[in-house]
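Okay, got some structures for you below.
Next, two complexes with chain A in common: one pairs it with chain B, the other with chain C.
On to the complex of A and B.
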């Protein structure tokens, strides 16, 4: 362990290193140079004057927001001597499990490739490029034959892998006591219980105003709302990421959410962002990838049949096809337990020099992937802006929902947290469901893998995601999953089969998430 | 209350029958004594016709007004709205104020429309003002998108020109069907790149005084084919028409959602992307349109006390978030295209019956038409003329007592002009 001072200076040095050569860096430099011509910059107090200028002109804030973003995605500080794979995932058995899962996915992708005789990628002939360019805004009207393609994997397959995870250092034979875990996840990880959640989320107490709770016992809701809207305007005018994040813990007003989220994520829509998006689009037009078919198929199978999201079919293609080609996404593998899959140029299967990352962003879409984008379509109607926000959401949160890691927001921890919450606070229910062969996680897993997208009504989903951003954590997803079981406990106690338990929990679109979460965290007797 | 309600319907839809049965009502045939008849618009014509009609008793109720077509036939609706504006103008009403281009500020809510062949010359004059515009031709008497087509050249509607040798009444006699031609809204609001229209339901229990209710659960109907305003696609009807009856024939029709999106989705989307204020203004304007269209026909409507009516309003929103009234249907479809649709329509009928047959008892057409708030279900009061009058009387009294205070600028869309208190708020 390092002492605090060393750790801080180490962090600063790392961030400074990362900023060198970025666009922001050169912009700041230019601004500083240009301001020298201003009359209020004096030679005697040059340093202070330039600093003051950068502050007043808003550039300091931009730098702050960029630092803020770095701190978000930075892995927790490890020992400087630790090997790099430790920053991806400190536990060896997790790394191993992730690696063998990746191997499986890649094998499945490659065999589909071989079976169908479709190359992983090919350059489109010019007429085809033109045609695609013309129908860029209406790709949904195309009805390609996708019957041969199947999703590389579905959440169910992934759950099986998580269930089989074991910690080799733990003697499982000893642990058959009343303390034993009834759930499916059998690895010991540090997760937050209710008292810890209360400490982490003090803003969710029963006495604090919340957007998403109409009948508040202490605060008239319209009064809170108008005050909160006013505060939101101030946060936006200050353009401060950290303030926006704190604000989001009590929920974002519908009319301000789009801007607030972009601010929290430090996702801008400057000319260079738009240009980046256009370049990705050009990449889509030039090359046809096998994964495109998986994306088409997924949109057709999920969002396109969804009452809320079918309207946005074309936006989903415009975002997801570009995403698959965006190599800036690779950056997140620095702190993701996963490693980007590699394929080999045809005929040169041997030798790493011919290996290329495939797909270029390193992310193989699975069944339901498009649901990470779909809710964002309610907020942004420009594809480039929608794209930027989605990419940042993915690189901060969503990737954790389908990689095996010990991170508190990782899917393994969420599953374990869900099961623990249920076992500790609703033991009778858990026991009953387990006895009838309806393991709670086998029902809740699909909700958590999608962060509830496609299961809640959109307004409720956005209120939930407000808190993900606000607390910079996915744990609230596990809490909600447990709260849903608690809310329907009475009905669940009466069911006698997995199918009927699933039926009780089939429709979540009428749930109001904030009251559920609040009551579960702050009104449960502990 | 003595006896069960005896009901008849000539529309065999489960959403109706289930609702009647749920109330324990008795099904009878048309030739027996009945209390409640949910009928098609063909049947209502016979009920009130001079030759075949019969006197309804105090204990009988029907779901149409005798001359509902004053509102629900495209040509008559336009005629009534035009007349209503002129009358307001004559009275010097602030509602009839016009802007510098001679357009009504508050009453310009239907696309420019003409009757053909009757108004052919007027139409030509208007067409020449903006020859690049697209117009939509609709037969006056048909529904569900039948017989509709788009034109952008005069030659395409030559058939409807009125030459000197034929009479004005030719339309009826020569088989040349009467049409209305309306300026096509060529800048519709697109969501996800797709065009849509709104279907909203309004219940009227009496026209004089006007009492109407707005159903909260309307929906947007999306085109399954992408919208491009180029004329080459004029022929592809699917792009332009959002009627489910038509969309269903498109290849892309989805049986899960049927291309329908709830109004609450629309509101969430608009508030998120455009802000709360403009969204609220849009919905206020939609309510305003409904009330004004009903006021426009109220004087000519036969306000028979045995009647109520549930209308389907079709509205298109343009990209400046201005709503346009396209048409009003007297018998909105009760066919359910999806599971959600079925629930919506079942509830619509349920809530309608709760208002017009209080406590599911045998109707008494002399009822006070003031249902308690709890009985409204998903309906909300859109306009209650009695209440509005008494409130404005109160306001006048207030004003007199606080002399010197103005009512706010005249002609602005403030509450002084728009009847807010007794309405949808």
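On to the complex of A and C.
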């Protein structure tokens, strides 16, 4: 707790420091210099005139959007005495659990390396580089022998770790404790129940128009849809990032979604972004990484087997291989409880100059990772643009789904929220499922870890992700998971085994997400 | 411009974040020497045979010099304490100095919530600062500090407050015996009084101050990384390191 004035000054100084030397900074300087030639800029009122010019020409809006993005990404300034690991994750036992999980992953990767005799990274010989460059747009046609490679971990391994999380200061001995909990997650994080969700998401209420409900063909479009589309056009012409985020809460029209998401995430496709993407591509060509094989395997196993996404196979390689080489992703480790894996250049002694991070972006992909990118392929067909939006979505949201932290949008909180919502509002169902050995989280976890990608039909998934962007939180994923159980409650009460419970919930492709969420949040009797 | 290697890049980013506030910290004094006594629990019933855990702890802090101090800031790390009250033992004015001076206990912080919900984790291991502006009474001539920690939830095994640091006000006061002409030379550190939204002029002038400090500290480097992940073109790696 610092006093308000100092906190504000600190945040401003921090953001200004970040912008220094960025492309936006040099563009603003150049614009300010060039506008001096204009006749309406007077020497007496120079400062005000330049400011007015920047405002009118749209540059102030660009700066506003960039500041908006910084505020979303950066955690609120913590206490100055707090060490950096406290900013990443305030709870000591969670940090420890994350560290030991990471060690397990490193061991697994190292043993795979040792078994196969393949180095983690090596320079690609020139002929191979040329060959890869030639078939850059059709890497999917390659059929390398991937049978020896196995994914480093799968979501169910991660779930086991989360289930075993224990707070050393919590009294687990009480039979009837202050919070009886039937679920698998045993840490007392603060989560939002339905009354709080109603307060936080008023735009989802039954009386407010929604895309996903009120754009149904049977409903005349002038009741909601055409007005909403017009509003979307206006938001895009104003290029206002914060307005776009607010707009997205009621859904984005299909024709405007790509631009709206790029605006919310402040992801641009300027020449320097394209150049950055080309630089990453060069990194892919020059060095061959073991994680590349993991990515190939993952795409072949997951996205390639999916009816909606197999057409985008080549795009997925182009994005994910470049993603692994992108060092700007390292920034997110400042607020991620995870730490990037380290290594040393072969043949050199261990010293800081030869220490490198592996892979360059610090993210080791797991089984299903490519599903984070696949839905975006429906929106963007330019690889550099697709890449920019995916990277921003990963650095804002997706990383929270596979690291152990106490953040309200972290996977631990989402799991707990799902279980609590179910226990509080469908206790009979929860009890029944527990009795037959079908803990609800064991079924719902795989949906939440992928933010439902690959389980819902694409148009429904995009409507869900609209709200993730709109509310800047992943909680809606936990709410949807509980809502799905509520929807299929009748069938689930009939089943008598885990296998049949899984069968009831195997196919979600016919579900309409917005009515489910709306009814669960706003029509449940409490 | 020297390009930073990746591991240093992260450290550098974080260092620059903190440099602004660290600079502010070193301008004021370091923490005052203090002795934190063992917490004493308040319980009804027999403390030995009763299996119920205490919900209230009292911790006293004394200053070994015996010199009364003027508190500017109290900094501490929470460990599952839900509510904090702070009482100060202040030396009364108008008395002769010496051991016979009367002292009075006053409450300067009453039931400050450290955890939003005593049953859940939020705030349980966070760092907090109490500034003199937030206290109910002026923390001047303080000889002893008493912390009253409350944790009503039965969920936790223990609760405490750790890493307590107390900072004194920067300017000298007359009671330490310094000549008055000396104190009139040193400019007093006026605490900022801000209500509601801060005045933009004040904010911008304080930013300019901090800005001048950071400009002095750093050379003309940007935080934008060059983006190369290899070391001089080489990125041949065998195994990951566990340290």
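Please note the rule applied: the second predicted complex is superposed on the first by the 505 of 526 C-alpha atoms of A that agree within 3 Å, B and C clash if a C-alpha of one lies under 4 Å from a C-alpha of the other, contacts with A are read in each partner's own complex, and residues count from 1 in each chain.
The working rule: a residue touches a chain if its C-beta (ideal position, glycine included) is under 8 Å from a C-beta of that chain, and two chains touch if they have at least 3 such contacts.
None of the values given here were measured: they were computed from a predicted structure.
Peer 1: Applying the touch criterion given at the start, work out whether A:86 contacts chain B, chain C, both or neither, answering first, second, both or neither.
Peer 2: Touch partner of A:86: chain C, not chain B.
Peer 1: Does chain A have more residues touched by chain B or by chain C?
Peer 2: C
Peer 1: Is A:126 touching the first partner chain B, the second partner chain C, both, or neither of them?
Peer 2: In the superposition, A:126 contacts neither chain B nor chain C.
Peer 1: For A:283 in the superposed arrangement: first (chain B), second (chain C), both or neither?
Peer 2: So A:283 only meets chain C here.
Peer 1: May I ask you to decide whether A:137 touches chain B, chain C, both, or neither, giving the answer as first, second, both or neither?
Peer 2: Only chain B is touched by A:137; chain C is not.
Peer 1: In the complex of these two chains, what residues of chain C are touching chain A?
Peer 2: Listed in rising order, the residues of chain C that touch chain A are 5-10, 13-14, 16-18, 20-22, 24-25, 75, 77, 79-80, 116-117, 119-122, 124-131, 133-134, 153-159, 163, 165, 192, 194, 198, 202-203, 206-207, 210-211, 214, 222-225, 227-231, 234-243.
Peer 1: Where on chain B does chain A make contact in their complex?
Peer 2: Checking each residue of chain B against chain A gives 191-194, 222, 225-226, 228, 251-252, 254, 256-257, 259, 261-262, 264-265, 268-269, 271-273, 275-277, 279, 340.
Peer 1: Please name which positions on chain A make contact with chain B in the complex.
Peer 2: So the residues of chain A touching chain B come out as 137-138, 140-141, 143, 253-255, 257-258, 304-308, 310-315, 377-381, 458-459, 462.
Peer 1: What part of chain A is in contact with chain C in the complex they form?
Peer 2: 1-6, 8-10, 12-14, 17-18, 20-22, 78-82, 84, 86, 90-92, 103, 106-107, 109-110, 113-114, 119-123, 167-171, 174, 177-179, 187-190, 276, 279, 283, 286-287, 325-328, 330-331, 333-334, 341-347, 350, 352-358, 360, 406
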